[in-house]
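Two complexes come next, and they have one chain in common, subunit A, joined by subunit B in the first and subunit C in the second.
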Partner chain A sequence: MISNLIKRKIFTLLKVQYSNMLEYRVEIALWAISGIIPFFMLNIWTNNNLNESINISDVMLSRYFLSAFFVRQFSVVWVVFSFEEDSLMGKVSPYLIQPLNPFFRYFAQHLAEQLTRFPFALIIAFFFFIFNPESIWIPNLGILLLSIVSTFLSFLIQFLIQSIVACLCFWTEKASSIERLLFIPTLFLSGLLAPVVSFPAYVKSWIYLTPFPYLIDFPANLLSGNETNISGGLSMQILWIFLIFPLFKKIWSEGTKKYTAMGS
Partner chain B sequence: MGQNIIDVRNLSKSFNISSKEPGLKGTIKHFFRRETKSLKVIKDISFEIKEGEIVGFLGANGAGKTTILKMLCGLIYPSEGSILVSGYLPFRRKENFLKNITLIMGQKQQLIWDLPPIESFYLNASIYDLDKFEAKKRIKKLSEMLEIDEELFIPVRKLSLGQRMKSELLAALIHEPNILFLDEPTLGLDINAQRNLRKFLQKYNKENNATICLTSHYMKDITSLCKRVICVQEGAISYDGKLDLLLKKLSPVKEILIVCRSEDDAIKLENYGFTVKNKIKNEITIKIENNSITSSLKTILNNFDIEDLFINEPPIDEIIGKVLIKKDYDI
Partner chain C sequence: MNLSKYIKVYKKFLHTSLASELEYKTNILVDLITAILSLIGSIFLLSIFFQNNGYIGGWKYEQALIIQGIYTILNGITNTWFNPNLTEIVKHIREGTLDFVLLKPIDSQFFISLKKINPSGFLEIMLGFFLLFYCIIINQINLNLSLLTLSLITISCSICILYSLWFFISTTTIWFVKTWNAIEVLRSFLYIGRFPLNSFSFSLRVFFSIFIPIAFITTIPSEVFLGLSQLWKIFLEVIVATVFLITSRKFWLFALKFYSSASS
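On to the complex of A and B.
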């Protein structure tokens, strides 16, 4: 009975948000196209033969960057911007007095947006393979499923980190500026611009202590078939979620006490 | 009328406000040394509201009405004092408490802008754990009460303000809350839409024995819905009681226009001892205190040849305006 209610709640939330996202399908197509940084990076790497220094073949590198593109497409998070706007405009107020944490709405919005984005990402991948036919590969079902799980965990980590930053709206009002600061390490350390394996050994040892390499590098390596520690990577992702979630709950609970419901 | 459903004791709320001087100098100063001060916007207020009561909160802009409502529904945290709503501490936002209340703010919307309202209704229904059958039944009932039908299937962005407000109400009431917090619910609506909304709220209050706390700057909302009003002045309660008593207090005198059969009668009446406001030929306007109106009218009708008589109530907006404008008005 209870699980049915929860299931229906989740299903309705996703269904409504998906209908809403379909209203923005053109924008979402453009966002999908705007996420092609990994392809530029691939071009830079292969044209300068940089991959030779890290013993990755051209084919494996192009598979890595295509995987990085896919992981990025399905783990991109913008909750801080939505929450900040809603908070400043007073739109959070009606959500706060409903028996559902407002972040579930944003979470559903993200999932719905990913679903809308999916066909566009496939089209982009199709064109990628036309220009790079040697890169075509079909990962085995097990790896594919683990990659999907890992991408989802990456999304969860990013969603939780950004939700914590979003909660800072209760104190600073312009929390998105803090997110900009976080974007820099995310860009350089996540594996979006370069596989983490290409970093010097002492830098790598530090990077692996942060959540960043588990956002793009680990799931992309997993999907592309590069050598990676699957159980170690997944465990680290789960560990980060367990570390960040209580922090989010604490900041949320303290933040709502500070809420002044401005703009409403 | 039932037992107390809202109990507020010595409630206060302070906000930290930063101020900035105008111009470049002020901006630079503000950047390096931001001055903030604590502003007490609600000052030690206490009141109770009974189940099924409709209470209007009156006060000028910035008096603190909305802040009180926000604290009552648990949206903001009180600085001092205690609030119990339906036996719950509102700011803890317990699920059972939230299922029992709703807050409607004029011009603020919770409906999804690009989708028809019906989608938001079903979403809210699932948030409040209503099954599809029950949700359908309630949407039908409320849409009939609110007289909306086709609008349910048109994207919110294409609805008029009145249609949108009705849809907002439906979304906010789908879980049939017992306590309604309404902050300027008729803001921006035309006269007909305002009247319909008031009719709907009266009906909802009767059918569900719902308690309604209302703020509005449209006096008609207050007079047609609320028997009791709480006047808020600079964060403190200056009056808490029946609306008609407040009106009597603020306007102790009525004006009576008397049309006499002849000008001679009008002259006699002018010299009889009443306070005369003006006299034009056979028409005379006198002022009579509310508590002596019956006896004075008897005297006039028995002693003078009267053709017609009009009792002029001063406009309620004007009377209430006295409370809002004059901050130290003694009520």
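On to the complex of A and C.
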């Protein structure tokens, strides 16, 4: 009975958000295009033969960056920006009354957006293969499933971290600047711009203890068929989720007590 | 055009927007840390590229740092002036408040391009100048009057091109209403301005000098500092900047003909 209700709620939310997102097809297409930075990086790597020093062939590197592009496409999170706007406009108040944590709403929004984005990402990948036909590959089904799972886990980690930042809206008006701050290490350390194997040793010694390499580098390596520790990576992802989730619950319950309905 | 009137109005703009931005003091601090981290991240990425190679696209590490410095200065300028103002245009058009701007006895482009200012960008500009100064020392560049004038000319041309690009996209809001993501696309393209143009493959180089002249924005001023730039390149940049400025102005006046106020 209860599980049925939750299922219905989630299904309805997804459906509503999907039709909502379909209205913004052009924006989402543009957004997908704005994620092509990994391809520029690939261009620098192969054009200067930088990959020889890290023992990755041109083909494997181009697969890596294409996978990194895909992982990034499906793990983009912007919950803090939505939540900040809603909380400044006082829209959070009606959400709080509903018997559903408002973050489910944002979560469904993200999933729906990913669904809308999927065809555009495929089109970009198609163009990528036209320019780099030698890098076409088909991962086997098991690897594909595992990389989807790990991409989803990466999305979940980023969603949880950003939700924690979003909850800071209860204390300060501009939480998004904190998110912009957190985005910088994510950008440079996650493997979006350079694979983590290429990092100097003094960074590699500690980076695997942070969540960053599991956000893009690990799923991208998995998908592209580069060498990686599958069980280790997945368990680290799950571990981080288990570490962050209680923190989110704590800050949420503290924050809602602090909530003063703004703008209403 | 009455210049003294515009200077007087601009002083008022500065006063009001600084007063409102300084309300969020911690925000400015967070932005400063973001700018510093972002610079560290870019230098880290650059050092990965150079860890086993002496040259990238014919540039040494010390020389490539000049590009980083100039990029940081220009990014600071973008964050101080272009970003806060031109995102405001989107709001003006969506909510129909552009009417009030158009009714004012002052040039509308002047008003919407300079109304706001974000002081945290100043720190980034300073950071860029520090890096540039450091580069001048490690590259043993002799500062003389001709070098200073030429670099001043090229950097101001870069600023004009950058401004025109931003303004161009914001102007399209009159037709498309929501252009946040077009700005994101521009941002991601601008990202390659952090690297020497020669490090990219031929096709990308052509794309980024003809269609979107990002090549001109950072590479030519850096070449000026190194004394590598031919005079025709500087001349070309001046022409491109002029063309861009004039077209953006014409485009704005053209677009205004299509403006039909919203929600009124």
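Quick note on the criterion: the second predicted complex is superposed on the first by the 264 of 264 C-alpha atoms of A that agree within 3 Å, B and C clash if a C-alpha of one lies under 4 Å from a C-alpha of the other, contacts with A are read in each partner's own complex, and residues count from 1 in each chain.
Assume a contact is a pair of C-beta atoms (placed from the backbone, for glycine too) under 8 Å apart; a residue touches a chain by one contact, two chains touch by 3 or more.
What you see is a predicted model, and the numbers here were worked out from it, not measured in a lab.
*Asks:* Counting only touches as set out at the top, which of subunit B and subunit C does A:172 meet: first, second, both, neither?
*Replies:* second
*Asks:* Who does A:50 touch here: subunit B (first), subunit C (second), both, or neither?
*Replies:* second
*Asks:* Give one of first, second, both or neither to describe whether A:31 is in contact with subunit B, with subunit C, with both, or with none.
*Replies:* Once the two structures are laid over each other on A, A:31 reaches subunit C alone.
*Asks:* Touch test for A:58: subunit B only (first), subunit C only (second), both, or neither?
*Replies:* neither
*Asks:* Counting residues of subunit A in contact, which comes out ahead: subunit B or subunit C?
*Replies:* C
*Asks:* Name the contact category of A:94: first (subunit B only), second (subunit C only), both, or neither.
*Replies:* It touches subunit B, and subunit C stays clear.
*Asks:* Which parts of subunit A are touched by subunit B and by subunit C alike?
*Replies:* Common to the two interfaces on subunit A: residues 24.
*Asks:* Going by the contact rule set out above, which residues of subunit A touch subunit B in the complex?
*Replies:* Going through subunit A, the ones touching subunit B are 5, 8-9, 11-13, 16, 19-20, 23-24, 90-91, 93-100, 256-261, 264.
*Asks:* So in the complex, the part of subunit C that touches subunit A is made up of which residues?
*Replies:* Result: residues 24, 26-27, 30-31, 33-34, 37-38, 41-42, 44-45, 47-49, 51-53, 56-57, 176, 178, 180-182, 184-185, 187-188, 191-192, 195, 199-201, 204 of subunit C touch subunit A.
*Asks:* In their complex, what parts of subunit A are in touch with subunit C?
*Replies:* Interface residues on the subunit A side: 24, 26-28, 30-31, 33-37, 40, 43-44, 47-50, 52-53, 172-174, 177-178, 180-181, 184-185, 187-188, 193-194, 198-200, 203.
*Asks:* Per the contact definition, I'd like the list of subunit B residues that touch subunit A in the complex.
*Replies:* Touch list, subunit B to subunit A: 15, 70, 73-77, 91, 93, 95, 98-99, 101-103, 105, 108-110, 112, 114-115, 119-120, 122-129, 131, 172.
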